[in-house]
Amino acid sequence: MRRAICPGSFDPCTNGHLDVFSRAAEMADEVIVAVLINKTKSSLFTVAERIEMLQEVVAPLPNVKIDSFHGLLVDYCRERQAQVIVKGLRAVSDFDYELQMAQMNYRLSRLETVFISTNPLYGYLSSSLVKEIATYGGDVAGLVPDLVLERLLEKISGTIRA
Amino acid sequence: MRRAICPGSFDPCTNGHLDVFSRAAEMADEVIVAVLINKTKSSLFTVAERIEMLQEVVAPLPNVKIDSFHGLLVDYCRERQAQVIVKGLRAVSDFDYELQMAQMNYRLSRLETVFISTNPLYGYLSSSLVKEIATYGGDVAGLVPDLVLERLLEKISGTIRA
Amino acid sequence: MRRAICPGSFDPCTNGHLDVFSRAAEMADEVIVAVLINKTKSSLFTVAERIEMLQEVVAPLPNVKIDSFHGLLVDYCRERQAQVIVKGLRAVSDFDYELQMAQMNYRLSRLETVFISTNPLYGYLSSSLVKEIATYGGDVAGLVPDLVLERLLEKISGTIRA
Amino acid sequence: MRRAICPGSFDPCTNGHLDVFSRAAEMADEVIVAVLINKTKSSLFTVAERIEMLQEVVAPLPNVKIDSFHGLLVDYCRERQAQVIVKGLRAVSDFDYELQMAQMNYRLSRLETVFISTNPLYGYLSSSLVKEIATYGGDVAGLVPDLVLERLLEKISGTIRA
Amino acid sequence: MRRAICPGSFDPCTNGHLDVFSRAAEMADEVIVAVLINKTKSSLFTVAERIEMLQEVVAPLPNVKIDSFHGLLVDYCRERQAQVIVKGLRAVSDFDYELQMAQMNYRLSRLETVFISTNPLYGYLSSSLVKEIATYGGDVAGLVPDLVLERLLEKISGTIRA
Amino acid sequence: MRRAICPGSFDPCTNGHLDVFSRAAEMADEVIVAVLINKTKSSLFTVAERIEMLQEVVAPLPNVKIDSFHGLLVDYCRERQAQVIVKGLRAVSDFDYELQMAQMNYRLSRLETVFISTNPLYGYLSSSLVKEIATYGGDVAGLVPDLVLERLLEKISGTIRA
């Protein structure tokens, strides 16, 4: 596996995402974490902010790069000459949707998707749940990398002040 | 991904298995298809017969080797210096069990399992279903490689004669 | 839908099975309830006993007939010129297995399977659960037709005496 | 089964839908494909456009008619004197929701729902996925009937121009 | 189990909810049914109306109280000194999401969630389905308590007049 | 919740079981861990051995008692005047079967079953997997209580010598 893509919104990235990046980095020569630019979906962090946080988070992983894309994932992978998408699976409801996408992407351009079983400790983690808890003052330390925690709290207090 | 293991009973191997082998061979430098030797479970083909059929089936895939093992998969993988198990996922009921095994294997020795979404055409295929259909005279051509089909029919007619 | 088949072991038939028969009888011109003869699986009632009970149970449904078969269901359906199999679905775990069988049967001979959502009242019913409860003296009245209840109790007291 | 209803949005209809229509047409004397008019949900094609495409698509199936409805499906079925709804099931996540609707519709007016296992080749197909891929210039030929493909491309280039 | 919380929107409460309340009341010394105040989600009934209906509905259950909360459920439970959340499970799709929430709540503050298997008769019931059916003139008697039925019909006719 | 029952085979008990016992002990005044005596199923440890290990394992939990039973769980619970069964849920495949049993037990004698979401760390644990790993010399420390580990290794080495 020469080059693998980890696509997602990462708004913000969690320790569950980081677990997937590290495990993908063990398997592929090069891993590209690719932030999906989706103008029709509102987000807490801008794409630039998300990329910046991801770059710091994956700094200890030398073969992981950060990038962004819009449009079809199959087109982006072709352009980057990546053969494989790597995804973490948490639960059965993930599986059903992800299997559908994987089969469609394989049909569209023989793009392969491999699924990693995530660390069970992160099975209940999602970016949206983390944001919801932090917004109401809940403690999300240990659920996201420290530098994400800091910016998440700043962002939320700024949002509340605004 | 330098060396990946595809473990299974392969009694006999089907076109669904072959699909997984070919896709694993695209991703890893070397793929070892490893037949599990399980003396407590009865089988139609001997381990030797299964290995022989697999060798012919994967002949066109230069980086795929056939082997057998008994005991724990994690021990076998350590011995063969393989870092990754590759499995095809067909349905949700597969997923639940396989995820449990994957998490246990990761805990036992950081052995990684990656799941490939199988070709939907083979989603309903299993060795046991193929044997059952063939036993009652049903047509399994197209479900197994041709050379497997031939030996399956011989084996079954021999079993009935015996 | 001219002729539909409801295959099964029916060891013994439950009110859940009867619910499926009645609903199939509303949809098809003729319904054949077909008892699978499986010599490798032990059963509480003989095939003859099961057929006799079924005949009494479906007596009020004029377009339902009882029959038995062995071998492949697709062969039996072709022989009886039936185009459709009717199955009740109770739970997700049923669904996964039944979908696999349905897709295989469709591939083998274009035999169609239709699934009926069973009455939620019978969602937790199965022949094996009914037998287990009755064996330990639990009350299964209301779970099986009255005439089945009577013979089930006779059979179990006979088994215990034996 | 005299008259069966295949309800849906069909925005636009895919080869998966067409597979369900053809199989329903084999089982019922008459099949009505009924477009749900839902004013609160935005759509790519108008109801009139969807009906026109469906009429061309089912032209080779003499016992399939196209219609539209709003309000409750049970009321529409009663009005059209249809006894049965036919639905294609693709995945487990479909099943859970559809079973809930089926049990509610049965309770509301004894309206029966039968589920067909779709062709595994179309398991990953949905109207929304087709629209998303086409919008980004992906190739959806083979996923929708040819006449739908043509209008989908026109519609999307028109939307982009607008 | 001294004090248990049944959280939800209850817009409006159904006979399925009432079934959960009664069963929780058998197990805990005190049950608090807590209406989640969510200003970003539109509702048919105001929080005050929902509380009033719930109070009438649970009047025969002496150890069940009605309350409302906003913010994080874990904070509300700590404030009310409740150790346990009680939830009814209807289907597998419920389970996946609820298990994720339960594990997060346990991590956040050792808050325990227990799941009750609902009466299969109410497995297909949800507030949103009840509202949809009633809006189109369908009969929801038997799905909600009588006093809820009355106000639901008033509310809907008022909405239509408005 | 005055008295709750945790039924099972516990051959042997794992840290996942212990997690369920401790959490049940927080919720109920008294918890009875009840070993099912099933003469038709072979086991590694005798019922007496399993009871002895359980007694040592739950020694720090003053309101947890160990017992054994045969026959129907509903009869045992009635005899012990227990109103509630407590079960840990690990995965979706557990859920389907357990929900069926829970609904049957409720119907048989209004016996309530509550499900606890297990610690995700133990989601992949089962007695049979632990036995299989230990048999092949794998390391199961941390998966079972220390005293169970010791006897498991003794038992297995004895089995191999025998």
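A, B, C, D, E and F label the chains in the order they appear, each numbered from 1.
The working rule: contacts are C-beta pairs under 8 Å (C-beta built on N, C-alpha and C of every residue); 3 or more make two chains touch, one makes a residue touch a chain.
Because the structure is predicted, anything quoted here is derived from the model rather than measured.
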Next on the checklist: Using the touch definition from the top, how many steps at minimum link chain D to chain F?
Outcome noted: 2
Checklist entry - If you list every residue number at the chain A and chain B contact, are more than half found on both copies (same) or fewer than half (different)? => result same
Item to check | Rigid-body rotation angle, chain E and chain C, from Cα fit (steps of 5°) | outcome: 180
Item to check | More contacts between chains, B-D or A-D | outcome: A-D
Checklist entry - Can you give the whole-Å distance between the Cα centres of chain A and chain F? => result 38
Checklist outcome for this item: Separation of the C-alpha centres, chain B versus chain F, in whole Å, is 34
Checklist outcome for this item: Each of the following residues of chain F touches two or more other chains, namely 91-93, 96, 99, 103, 120, 123-124
Next on the checklist: Can you give me every chain pair that touches, using the contact definition above?
Outcome noted: A-B, A-D, A-E, A-F, B-C, B-D, B-F, C-D, C-E, C-F, D-E, E-F
Checklist entry - For chain B, which residues count as touching chain F in their complex? => result 71-72, 74-75, 92-93, 96-97, 99-101, 103-104, 107-108
Checklist entry - For chain A, which residues are in contact with chain F within the complex? => result 91-92, 120-121, 123-124
Checklist outcome for this item: Note: in the complex, chain F contacts chain B through residues 90-93, 123-126, 129, 133, 136-139
Checklist entry - What residues on chain D touch chain C, complex-wise? => result 1, 23, 26-28, 83-84, 86, 89, 92, 95-96, 99, 102-103, 106, 112-117, 119-120
